[in-house]
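For clarity, chains are labelled A, B, C and D in written order, and residue numbers in each chain start from 1.
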Amino acid sequence: MIDRTMIDRTVTDRTTTDQAMTDRTSHLELEQHDKTFLDSNELIINMGPQHPATHGVLRVILKLDGEKVLGTECVIGYLHRGVEKIAEHRTYSMFNPYVDRMDYVAAVSNGLGYCEAVEKLLNVEAPPRARYIRVILTELNRLASHMLWLGTHALDIGAITPLFYTFRDREEVLKIFEKYCGARLTTHAFRIGGCLYETYEGFEREVKKFLDFVTPKINEYEELLTTNRIWVERTKGVGKISAKECVALGVTGPVLRASGVKWDLRKAQPYAAYADFDFEIPTGQNGDTYDRYLVRMQEMRQSLRIIDQAVGKIPEGPIIAKVPKVMKPAVGEIYHSIEAPKGELGYFIVSDGSTQPYRVRVRPPSFVNLQALDMMVRGALVADVIAVIGTLDIVLGEVDR
Amino acid sequence: MLDYITSYLKSDTTPGQAGNLLWALIYILLIFLGLSVAVIAMNWLERKILAHMQVRLGPMRVGPHGLLQPIADALKLLIKEDIMPAAADPWVFWMAPILVVITAFTVFIVVPFGPTHAVTDMNIGVLFMLGVSSLSVLGIVMAGWASNSHYPLMGALRSSAQMVSYEIAMGLAVVSAVLMTSLNQTGTGTLSMIGIVQAQQAQHIWFVFKFFPLGLIAFGIFAIAMVAETNRAPFDLPEAESELTAGFHTEYSGFRWSLFFLAEYSAMIAVSSIAVTLWLGGWMRPFPTWLSGETWDLVFSLIPGLTFLLLAAIAFLGVIRMPKHPYFRVQTIGLAGFGAVLGLIGLILLLPPVRDRIQDIFWFSAKVALSMYMYIWYRGTFPRYRFDQLMRVGWKVLLPLGIGVLILTAMAGVWL
Amino acid sequence: MQPVATTFFFYFLAGLTVLSGVLVITRKNPVHSALALIVALLGQAALYLMLYAPFVAGVQIILYAGGIMVLFLFVIMLVNIERSQREEQFNKQWIEGIAAAITLGALFVLVFAKSKSLFPDRAIPMPEGSNTQQVAVLLYGNYMFAFEIASLLLLVAIIGAVVMAKKRI
Amino acid sequence: MAPIGTLHYLVVAAALFVLGVIGVLTRRNVVIVLMSIELILNAVNLNLVAFSRIWGLHGQIFAIFVITDAAAEAAVGLGILIAFFRNKETVNVDEVDLLKW
């Protein structure tokens, strides 16, 4: 058995924030709510959990002075299902489908992270063919996730049309998923040790076709938004976050890259087959909503590039490594993280030598990124809160787990 | 009695000026009916056009191509439970939608659909329209306050600030158009809606093109301000769905909500009619001087009928493209019937006696319809402004521009 | 245009206006008072129309009902009315107030009764059709100076209001 | 019923004026006091417009000036009200008893 305090210490070490941050993220004083509009600390508004723009069931308590935001407090947990606790009562392979339900718009990435973490724990390596398939599907999923983000983000800011464009194109990704593994959203595409399914007949051709189809579509979104005056005004300079603050808060993913840090786990610690491919890490300079938008658009293009390279040269061979039917990893712990569409998705798995994990802790990118919300919207207007929630690209299934 | 009825037909003024109450009532009834039909049609058209802009089909289930959808929606709204929040102020909560609807419909008293096709012609026509339509902000403020809830209150505050701000720019643009009615030092200007169109007729120019580009700029200011005034995208902050859930009508449901809906669309039609009257030549057909003469008159008078025939043809095309399955039989027959009605209307409009009478109304409605299409287009294209940006546009762009245009128009009017 | 049912409309509008005036000063809730005042103002605008003063009526609607009253409602919403509603609504000088008002009213009645000759029951012909033009000629002719002063007054009012209401300038 | 003459309008105006005076003198709420002042100004306006039926358009011009004045008065009055409310958290006139705070 493992000493529990050791685990707790490890977990808390990773989530400790910079000491300088603490005063800026202090909690609201919610007691004095009988004062009126005119005094400075005034109106308290509950945004959510039932609200069209909080992406599910996020509840943000806003402290407003007129339209100006004095502070926010996120209340989370409305979608809590205890995924991490469930893991302690499932075998390693039984828990695999559960991770799909966390970030349900990027289920493939979640599965990839979990499978690779357990593989590391078991000391097996997926065969190259499986790793290529994993890369292709994960990058397709990144596209789908970014498309969903773009549609909902634009909808939050008031442009209703991009939503339908992105959903039209995301549908094509989902069709490929469906053909590959039978599911569209919560795919459960990968298994520990590789993939369960061989690519279907014409998989490569269809992916190629999809690439040709989607490249002009991304230009179409950019045409609609990138130089749109209102869009630029609504996003430029909104929700600024500097590189230093990002690092201090543990913010990762496009949000970190938009503030100028060239940090992508696909390059920093290549997993799957990413070391074989040539792609760039798009970065921004200002760390505002507009830069995050541009970074994500660029990332979509880079994903297309990766898929294009991967799909031509999927190696032949087995798709799954030799993995025992009953998995009993040696006593120990492992932390493995991947670059999910929303940021660093980490799995910390502790094994006590039995068939079930002793503890699984997920480091969900949305949850950590959401911490930055309060800092980013202080002093902004109500409409900016909506824009910033959109630009953080949170999925409540992942935040609440 | 019969004399009383027929005497008006011989006169060439509006029933209000002729003092003929009966015909005034008939006109009011006609406008009310026409407006209701227009709002229903707008509802369907907006959903269809927006849907086709967004690569989807829009309503397709109720009736052929969803033609009966607005009626189904209206029925649903009427029989829905009417919820009033417990902490609401019942009186004000009740009065708000009624006030909004009344103001939205009252402005149509002075809208000139033709030289004599208006309920009445007021000496202060434009002032009356602006004034009464500015009363609708009271209804919105009342609705927001009476709901006794935070989101509606914020929506009401936003809308009152927004509408009061844009009214100023709107007023300046209107004044510069009114200045154009007095031409060449001699004539006196007019605020009467019919008088303004007649001035355009007499000067052989639509005011958009007068003192180019002054008229165009003034029209542009008005076109922006009127979108803000009717709380439509990209200025739909008072009911910004993603921010304030539904703004001032968050707490409204059922019948009272449908009154807000009705008022919004009729207000859109109302401000569009002001724009059409002031700048786009009201009931005049396009190119009245350039393409003048008997032949062109005939050609242009055929257009209303031909438009309806074209719509009928589109409907019949839809009939042909309908799937040949027994399940779609009712829909096919319905669409064919709809096309037949449109075709019949088109044929009636081609008859010479009808043709001459209906022309003014047709051109006016066509121009208003164009403006309504622009509304839908904006909604499909633009993101929403933020509140400070909205205020900046209103006060720092439109207002100085309006004052500049006004001064330049006055100078041009004196010296040109 | 022949006026229709002048007597009925006059009594109807006058009754509406005065009744709304009573409501303005008796309602507990300032929002209700403001709404009553709007009704009174609109009734008065209609009375102006009956007096063949359409331009003043239009200005009354657009400025008073559409502008000033929106400002009032805006401010009422900003200040906390719930607490002020619970408080005593009338101050202690209501006896003096009513007395003063009655005296004033009596004075008016007296003046009206005594000096009927001051306002003979005649009406100079005022063509409604050109009212706006005539007002314009007077406003920009005889009263030009007053007009400019009024604009200055408004400027002063704008600055004053901003200075008063802004938290930090 | 007698035809409607100037006197009728003057009586309505007098009634409104008296109501306004009662409101100003007896109400505690500043907002309602301001609204009563508007009522008084309107009574004057009605008088002016009624007299303009007899003496010509000058009364209407004066009424327009009064409306302008009312707008200025409302803006400044409400500005003072907001400043007052922010400092004292009350809208009662009889608590305005300090010249400076």
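Note that a residue touches a chain if its C-beta (ideal position, glycine included) is under 8 Å from a C-beta of that chain, and two chains touch if they have at least 3 such contacts.
Please read all numbers here as calculations on a predicted model, not as lab measurements.
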{"item": "Central chain (distance from its CA mean to the mean of all protein CA atoms)", "value": "B"}
{"item": "Winner on C-beta contact pairs when C-D is weighed against B-C", "value": "C-D"}
{"item": "Chain B-chain D separation of Cα centroids, rounded to whole Å", "value": "36"}
{"item": "Centre-to-centre distance between chain D and chain C (centres being mean Cα positions), rounded to whole Å", "value": "6"}
{"item": "Interchain centroid distance [CA atoms averaged], chain B/chain C, Å", "value": "31"}
{"item": "CA centroid of chain A to CA centroid of chain B, Å", "value": "46"}
{"item": "Residues of chain A whose C-beta touches two or more other chains", "value": "38"}
{"item": "Sequence positions of chain D contacting 2 or more other chains", "value": "82, 85-86, 89"}
{"item": "Contact set on chain D toward chain C in their complex", "value": "1, 3-12, 14-29, 31-32, 34-36, 38-39, 42, 45-46, 49-58, 60-61, 63-65, 67-76, 78-83, 85-86, 89-94"}
{"item": "Complex contacts: residues of chain B adjacent to chain A", "value": "50, 53-56, 150-151, 154, 158, 233-234, 236-237, 240-245, 379-389"}
{"item": "Sites on chain C touched by chain B in the complex", "value": "1-2, 4, 29, 31-32, 35, 38, 54-55, 57-59, 61-62, 65-67, 69-71, 73-74, 77, 128-133"}
{"item": "Residue ranges of chain B in contact with chain C within the complex", "value": "16-17, 19, 21, 89, 91-92, 95, 122-124, 127-128, 130-132, 134-135, 137-138, 141-142, 144-145, 153, 156-157, 160-161, 163-164, 167, 188-191"}
{"item": "List of chain A residues in touch with chain B within their complex", "value": "43, 45, 51-53, 67, 154-161, 163-165, 168, 224-225, 228, 230-231, 233-234, 381-384, 386"}
